[in-house]
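Following this message is one structure expressed as structure tokens.
Lettered A, B and C in written order, each chain numbered from 1.
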Amino acid sequence: MKTEELLLKIREQKPLVHHITNWVTIYDCAQAIRSIGALPVMAHAEEEAAEMTGISSALVLNIGTLTTPLLKSMHLSAKRANEKGIPVVLDAVGAGATPMRSEAVKDLLDNSKIDVLKGNAGEISSIAGLQAEVRGVESGTIQGDPRSAAKELAKKLGNTIVITGKEDFVCNQEKAYAVKAGHEMMGKVVGTGCMAASIIGAFCAVEKDYAFASAAALAVYGKAGEKAAAKTKRPMEFKHCLMDELNEIDGKGTTMEGVIVATD
Amino acid sequence: MKTEELLLKIREQKPLVHHITNWVTIYDCAQAIRSIGALPVMAHAEEEAAEMTGISSALVLNIGTLTTPLLKSMHLSAKRANEKGIPVVLDAVGAGATPMRSEAVKDLLDNSKIDVLKGNAGEISSIAGLQAEVRGVESGTIQGDPRSAAKELAKKLGNTIVITGKEDFVCNQEKAYAVKAGHEMMGKVVGTGCMAASIIGAFCAVEKDYAFASAAALAVYGKAGEKAAAKTKRPMEFKHCLMDELNEIDGKGTTMEGVIVATD
Amino acid sequence: MKTEELLLKIREQKPLVHHITNWVTIYDCAQAIRSIGALPVMAHAEEEAAEMTGISSALVLNIGTLTTPLLKSMHLSAKRANEKGIPVVLDAVGAGATPMRSEAVKDLLDNSKIDVLKGNAGEISSIAGLQAEVRGVESGTIQGDPRSAAKELAKKLGNTIVITGKEDFVCNQEKAYAVKAGHEMMGKVVGTGCMAASIIGAFCAVEKDYAFASAAALAVYGKAGEKAAAKTKRPMEFKHCLMDELNEIDGKGTTMEGVIVATD
């Protein structure tokens, strides 16, 4: 029930979601936001980043093609978002693959409240201090349990941690959810991870319980993926279909029952 | 009749259209140019921007993800375009949303001849000095009449002003057109506004009456949108269909009668 | 036979292919790599470029929207790739169109081993010292024979040269291939040239005979283009279809016989 309500809220309020993101999937992030019913804006110059955040309802940061000037703008925008009390989502793309990315994430976590920290198992494990291989932007072998590490990290940071994968995992210091939705087709196409962070941004813009909002976002996104996969198994066709399912999904025809499950 | 002739001219001459544009829709702008039958080139380094303009037939500037280095290259390219006598189209994406964007537009208008200034109602109103809300890159509430303001601005600048919307409006100091084409689907997908500016650039490359060329561009673009919308109501599918209709449209099977209407 | 084996090797080894590329087709390059079965990573900051190359199996450089900082990162990454012994592919987009691009290519060739230098006839001719017109990123009129010039250049540089076109041409100092595959639809859509370079990168990651690997890449890519063109003649639909054919092609159902032909 609540998931559907959040979806309706997004479509009524049309929150502006400011992105400072990467150049590979910047279009996908913008269109995902538009498809779900919110308004995207991309602005990364340090001269205007904070001001754009100031008129927005959520901030989504993505380090997929990070540079030092981009990182500076991310700090300025995150600071403004914190002052304004709007959610900050950080998609830690490639954290653990190079020192620059790992340090950038640490730097952002140290200097701002990152309300939702999202990554794949390798990225989150690496941030949490486990030995984890990250091949470019892909998760490799991990020493230890990513979910336990995420829960420790959420406690330490007082925020929400999201691990995306076959089954998504969302936790804060009080609770944890498994999100049982999605399709393996989502792993065959570039951009699905980045779009997930954007959709999380849109949901957090309308719901202060960021852990639940993140789980709801992933539930809706995963269901849209399932619908798209029912129509095609060709990756690019699937991707465009996924975006169009995001536009059409209303949470009514699609049952959300059993998708978000409280877990340890 | 004349609209169809311009379309033929583009396909015969294949003008090179130089863009300094944003990272969200840079692909869409390039492909829109290719689909309409012209040649795109994107080059934004200050070391080569003016030289690339020097071998081109039109220059399209778009401030969607503006930075200070990009703005510098825009100035260099606009100057060269003015010297060479080729049209400069400026898509004032987000003007009014932040001071940086508003000042960049003012700066470009002060230092170069911007032959065609294009925006949505909020952006143009804001540039013309009305109180206008711009939510990121979306038009919000406006105090006053955008069309009157555009006509005043065209007189002051001695150029062509384009306001895109449900019905597009084009004016210079002597005349004004309403363009009655397009489909609401064009508002559901990211990139249609940016592509409109690119198409205007291609038409202005082959016709010195920039007001008519802009109206003709929007007529053809709007008709392509209608054709695409007749095939699908799914946003991403629609967008790709729109690009393919641009490739196929010949202005013969499609009547352009009554699309471009002289107005006050 | 060997072409199919390379395709299998890519899908088994999933080599990481690092790109420093342009902003127009950056998504297409990433997805082409994913579709063929390898892993893409895009990283252009000078602080991490060489490190990302250090964990990769091939490096693809593309100067389509070159800037001075990007060029610096390309040098750092090419140097690391040379030290590591992994292949470096350079797509010389727009070489000959502006001095900046021509000089950047010269600079890269002078300071690193560029294992595969790829361009259209105009770009390669211009690099080889012929009088050649390059209209933005399109090949224009050329004084002389591009293939002879390419063979001279390959001898001088001790590397592989690729000229893409209606029939692709690949040579090193010992041999030359004509690749008889592809479809004119590939020329109607932005991004096909850039994707070709990415696919070459993936093949060179698994085969040290870079001339044959390049020819095999173009053979598979061309065949995928033919399959896509058999399904649609609409440019954007074709492009997405091409990417999906890259995902499906196995070199078994598709005969590769007669596609790669030894030539003078």
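Please note the rule applied: contacts are C-beta pairs under 8 Å (C-beta built on N, C-alpha and C of every residue); 3 or more make two chains touch, one makes a residue touch a chain.
Everything numeric here is computed off the predicted structure, so don't read it as measured data.
Annotation, chain A versus chain B: rotation angle of 120 degrees from the Cα superposition, expressed as a multiple of 5.
Judged by shared residue numbers over all numbers used at their interface, chain A and chain C contact each other through mostly different positions, with under half in common. Mean C-alpha positions place chain A and chain C at a centre distance of 33 Å.
Each of the following residues of chain A touches two or more other chains: 23, 27, 240.
Every residue of chain C that touches chain A in the complex is listed here, in rising order: 16, 18, 23, 26-27, 30-31, 34-35, 39-45, 47-48, 51-52, 55-56, 69, 240-241, 243-244, 247-248.
By the touch criterion stated above, chain A contacts chain C in their complex at residues 22-25, 27-28, 64-68, 94, 97-101, 135-138, 188-191, 234-237, 240.
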